[in-house]
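Each structure below is given as structure tokens.
First subunit A sits with subunit B, and in the next complex the same chain sits with subunit C.
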Partner chain A sequence: MKALLLVSGLGFLGILSEILNFKKFIYKLSIVGLLAAIVVTFLEWDNPTPAYFNNMVYFDNLAISFIAVLLITGLLWFLMAESIFENDGLQSDKSTLVLFSIVGAVCMVAYNNITMLFIGIEILSICMYVLAGSKKESLGSNESAMKYFLMGAFATGFLLMGIAFIYGASASFDVMEIKAYMSNSPQNIELVYTGIILLAIGLAFKISAVPFHFWAPDVYEGAPIQVTALMSTIVKTAAIAAFYKLFTVSFGSQEIVWSTTLSYIAALSVLIGNIIAVFQSNVKRMLAYSGISHAGYLLLAILANNAAGGTALTYYTLAYSVATIAAFTVVANVASVKGSSDFTSFEGLGKKNKLITISVIVSMMSLAGIPPFAGFFGKYFLFTSYLENHSINLVIIGLIGSAISIYYYFRLIVNLFKGESDEVIPLSLTSKIVLIIAIILTVAMGIFPEIMNGGW
Partner chain B sequence: MITTALLFFPLVVGLLLFLLKGETVKKVALGASIVEFLLGVVAFVNFNKGNGLPQYELNIPWIKSLGINFHIGMDGISLLLVGLTTFLLPLIILAANRNSYKNPTNLYALMLLMQFGLIGVFTAQDAFLFYIFWEVALIPIYFIALLWGGEQKVKITFKFFIYTLAGSLLMLVGLIYVYFQTPAPHSFSLTSLYELELTNGTQSWLFWLFFFAFAIKMPVFPFHSWLADTYTDAPTPGTMLLSGIMSKMGVYGAIRLLLPIVPQGIMEWGPLAITLAIIGVLYASLMAMYQKDYKRLIAYSSAAHVGLIAAGVFSLTHNGMVGGVIQMVAHGISAFGLFYVVDILVNRTGSRDLDKLGGIRVVAPNYATAFLIILLASIALPLTSGFVGEFLLMAGIYEYNSWLAFFGGLTTILGAVYMLKSYQKAVLGDKTEISDKFHDLVLQEKIILIPVILAIFILGVYPKPFIEIAEPAVKNLFSLMSITIK
Partner chain C sequence: MTHYAFYFLSFLAILSALMVVFSKNPIHSVLYLVLTFFAIAGHYLLLNAQFLAVVHIVVYAGAIMVLFLYVLMLLNLNVDAEPKNKTWVKVAGVLSGGMLMLTLIATFSKAETQALVQKDPSIGVTANLGKILFNDFALPFEISSILLLSAMVGAIMLSKKEAKN
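Take a look at the complex of A and B:
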């Protein structure tokens, strides 16, 4: 709760900095503020009174884990994105938008009332629409913002409709009351079913799962690369956490309604995301499609419909976000020197760029799910939580997807050692810090996989 | 305690090496591998030979919620393979020393990390841990082959990686399945997996999940297609690691997981597996006969030997199993020796083409003798290391089926043919222009070859202590499989 207030306060500070003219400090202030927010979040572990604002938000340990994931990702993001906070007169706008999007994300993981979920999604999304278009002079950025906005607006429509239907049936917005309503053979069953499916569609848009993924590659490619990193980490984490809470808590007893649909969505996301990623020549697009396939894996935690799924989800989102941020840091730096983020830009960089090479190897292997890196345990936890009460079919599809994904993740690694090049990619201090933290986290999470069970 | 030291020492040194530069790297790597070897010797000396159960155990909880323990320890089979690893690594490092590889720091560090992974595989007493190390061992060798390999390296290493990883993913599915069959709270510990009584139908398909992983690693026909290219294209230290130690991982996995967990599956599919192994043996031997590239020839001969080991293990006879374990050690040593002498040949003459070589014995008698001894060990001449293992293997396969033993036995003859023929072509003969480029062994080469030759003779003349170490573990294995020893 304190973290929510703190980050909101930071956001307002960003607006004030415009008026009171301390813009040049706002970048450093945001980093310090986020660090403080992380500390405050950990202090709230095992909170005895988790409900706030008349049960609108609820900070139990699961929510706190997700908030920690979001804030750590946010902090790493601020470090990697230093270059967009250069003194162009807009830095306070950008930092405010990012901080508010984190606020929206925190609302989405800690909501206890579907209206709060909706508010969270909108806070997050509107900030992201603006950020996607923040490179005003670039055509791609404009296209990206427009597409994102249109698609996002559709998704919002579905969500709102779904919320209305659920409210119509259960006469409540409260997650727990809806749960109670669902467990006792609900009346108005057709309203409930329609509402659940509409909500599933709306949220599947947000996590860019197949077949609601068409916006993702174009939006990712067009948006400024740092914003893409934000979209593929924080947005995805928040959306899947919200998805998990709504479906396993509120609709958990109605599993029969949504499990088949979501199983197909998960299987298709894993397969289509991975297969199309193989054919990409641009690393940003490759990461977009890999993000789609990861959405499929994440859905397994919801399908598992048990507590282990939630823990697995926190672990997986952290592992995925850290590796993705590292990958985007490298891509951003390489693209700024080479002018493009195609695979060919990476050729021969393995010679003289030690940190970049190690980061690419570690993050790609983690994303591909190769032990002993964090990504492997993420997938492993997801699969076992799903297998606790389900058959093995989807897991086999997941493993086939993993095997395919090795092809394109390793393609990036192999490219580093292809050809001869003595080029050195200069890294700023903050980029170096991000990469080192990401490597350490990815390896440490592999060695101490219980970190998300309070096993530290 | 000693297992822990054996496991983590190479990891720590390997990681430290990344921070060092220049000549010190080689010295530190070599020193560390010798210390590791001495640790291995200590483990040998203190080992309780009568006991077939794992010794020197360490068992601490790792992922409590999933019943995964960090459980390591060594029984006789593990000990012999760990011994092989610690014995070969200093020699491989010393052998790599001569070739001037660019970025040697990374090469030596990766070799030590590889040792960490291999020892992890051979000592893991928890199936999940086994899987982790199985993959961890793959990563360094992939990069060794990718960074220092030949012209086709990108394509070939990729094929190798995808092949082996696909196999291990299947094993992972199998492991997760058996994990859920253990009584709650589920556990991955090998003992609890051994206690499972799975139905025959289940064992029948589980067998394949495990078999694919191990068959690809060995490799057994028809999963061998990555082998020749990878062995040939990898830098020599990589090839030595691959054929000397890593090819044993597949057999070891079969002994450790496949046999005790799905004994009924073996009863059902064993005949097919053993036939595949024998086909592979013949195929590889025939391929070896027609190779012009010396490194490729040895790659195929290595595949033939490992195929025979697999056949012996799947024969489920006492002799076949003990022979398999002994032969794993013997083959590791002779494969290293062969790749090393050929590496010397290639380095001095610049050619691996058999047709272009010849007339070396005239100028380098010591080299020719050392080569001959290693070669004879490889074709299993009595009193050399290859004989004991191969004899027991053949005996085991014969007890199982005399026809298979006949075809398997052909490999010994074929092996003698292509090995001696190649030796004749490359080393014997009159003085040629090649001879002028050649000079006899230098000190460093002698330092490497003498331990190899000593090991060949010790194993060949007095294999008793090694057999005594292997036997209780093999007996324990059979009692786990709850079938009578033939």
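Take a look at the complex of A and C:
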């Protein structure tokens, strides 16, 4: 709860900085504030009274670990995105929008009432629509903002209609009351069936799972690289956490209604995301399709429908977010020198750029799920939680997907060592810090996977 | 009496919604949409939700539709310039829309309805809505200010002139 207030306060500070003329410091203030928010979040661990404001939000340990993942990602993001906070007159607006989007994401992971979920999703989405178009002179950025906005508004319609159906049947927005309604022979269960499927459509759009993924590659490619990094980490983490809570807590007893549909969505996301990623020539698009396939893996935790799924989800989202932020940091730096983020821009950089090479290798191996990096244990925990009470079919599809993904992740590493080039990509201090933290986190989480797993 | 009002409003809402889709001139579409909103506001009144009915008219029919009309006039879109869609897009649209409609019809035909208003006549009255909004739903109510604020910041940011050039 305190983290929510703190980050909102930081956002307001961003607006005030415009009036009171301390725009120069807002970047540093945001970083310090996020650090403080992380500390405050961990202080709330094992909170004896997790419910606030008439059960509107619920900060149990799962929610707190998701918030920690979001804030750590947010902090790393601020460090990597220093270049968009240059003095161009818009830096305070950008930092405000990013901080508010984190507020929305926190609402989405800590909600206990569907109204909070909806408001959280809207805050996050509206900030993202604007940030996607924040490079105003670029046509691609404008296109990406427009596409994201139109598709996002359409998906929100589905989500809202699903909420209306659930409310119509259960006469409550409260997650726990809906759960109680579901578990004892509910009246008007047909409304719930339709509502659950409509909600699944709306949320699957937000995590860009197949077949609701068509917006993702275009939006990711057009938006500024830093914003793409934010979209593929924070948005996905928050949406999957909201998805997990709603489906396992509220609709957990009606698993039979949604498990088949979600299984197909997960299998298609893993396969189609990975296969199309193989054919991409642009690293940003490749990462977009890889994000689609990761959405498929994340859905396994929801399909598992048990507590281990939630633990696996926090581990996986942290591993995925850290590796993705590292990858985007490298892409942003290379693209700013070479002018494009195609695979060919990376050729020959392996000779002279040690930090870039190591972070590309670590993050790509982690994303592909190769031991001993964090991504491997993420996938391992997801699969074991799913196998606790399900058959192995979907896990086999997941493994096939991972095998395909090795091809395109390694293509980037191979490209680093192809050809001769003595070019040195200059890295700013903050970029170096991000890459080093990301490498340490990815390796440490891989070597000591139990730190995250033994918490509760 | 309420029965006749219900059927009249439903007929009006569906007819004008169809006219929104079928009329060639975008200005006419917008005007029919205003009519649809009024019909739906009438439905809210029948459900005893006075506040919702008034807000619906003020916000949708008033503010949003006027904005819409302005945009249409500024962009000079009142000529028939709608691009022709491909056949397969049309077929896919009809198919998926029809499937959604089928699902909704099946859902509602099975649902048991009960008149909420008769159970509790004070439901939906503005005073009660206010009490609930400021007691139970205080946090969402306050957090939505962040939603509006971020929309405003976004609008300002997108319309601001670049300082560099």
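The rule is simple: the second predicted complex is superposed on the first by the 453 of 456 C-alpha atoms of A that agree within 3 Å, B and C clash if a C-alpha of one lies under 4 Å from a C-alpha of the other, contacts with A are read in each partner's own complex, and residues count from 1 in each chain.
To be clear about the criterion, a residue touches a chain if its C-beta (ideal position, glycine included) is under 8 Å from a C-beta of that chain, and two chains touch if they have at least 3 such contacts.
Since this is a predicted model, take the numbers as computed values, not measurements.
Undergrad: Determine, for the superposed arrangement built on subunit A, whether subunit B and subunit C clash or fit.
TA: fit
Undergrad: Please work out whether A:Y407 is in contact with subunit B alone, subunit C alone, both, or neither, and reply first, second, both or neither.
TA: Only subunit B is touched by A:Y407; subunit C is not.
Undergrad: Tell me which partner A:A155 touches in the superposition: subunit B (first), subunit C (second), both or neither.
TA: In the superposed model, A:A155 contacts neither subunit B nor subunit C.
Undergrad: Which partner does A:A223 reach: the first (subunit B), the second (subunit C), both, or neither?
TA: neither
Undergrad: Where does A:A37 make contact in the superposed view: on subunit B (first), on subunit C (second), on both, or on neither?
TA: neither
Undergrad: Give one of first, second, both or neither to describe whether A:L71 is in contact with subunit B, with subunit C, with both, or with none.
TA: A:L71: touches no partner chain.
Undergrad: Report the partner of subunit A that touches more of its residues: subunit B or subunit C.
TA: Counting contacted residues of subunit A, the larger count belongs to C.
Undergrad: Considering only the touch criterion stated at the top, classify A:L387 as touching first (subunit B), second (subunit C), both, or neither.
TA: First partner only.
Undergrad: In the superposed arrangement, does A:Q187 touch subunit B (first), subunit C (second), both or neither?
TA: second
Undergrad: Rounding to a multiple of 10°, what is the angle at subunit A's Cα centre between the Cα centres of subunit B and subunit C in the superposition?
TA: Reported to the nearest 10, the angle reads 150 degrees.
Undergrad: Superposed on chain A, how close does subunit B come to subunit C by Cα atoms? Whole Å, please.
TA: Nearest C-alpha pair, subunit B versus subunit C: 37 Å apart.
Undergrad: Going by the contact rule set out above, which residues of subunit C touch subunit A in the complex?
TA: 103-104, 106-107, 110-112, 135-140, 143-144, 146-147, 149-151, 153-154, 156-158, 160, 162-164
Undergrad: Can you tell me which positions in subunit A touch subunit B when the two form their complex?
TA: 308, 311, 365, 370-372, 376, 381, 383-384, 387, 392, 395-396, 399, 402-403, 406-407, 410, 414, 417-418, 449-450, 453, 455
Undergrad: Touching subunit C in the complex: which residues of subunit A?
TA: Contacts found on subunit A: 8, 11, 15, 52-54, 56-57, 87-90, 93-94, 96-97, 100-101, 103-104, 107, 113, 115-116, 119-120, 122-123, 126-127, 129-130, 133-134, 136-137, 165, 168-169, 187-188, 190-191, 193-194, 197.
Undergrad: Which residues of subunit B touch subunit A once you look at their complex with the stated criterion?
TA: So the residues of subunit B in touch with subunit A come to 62-66, 131-132, 135-136, 139, 146-147, 154, 158, 161-162, 165-166, 169, 172-173, 176-177, 179-180.
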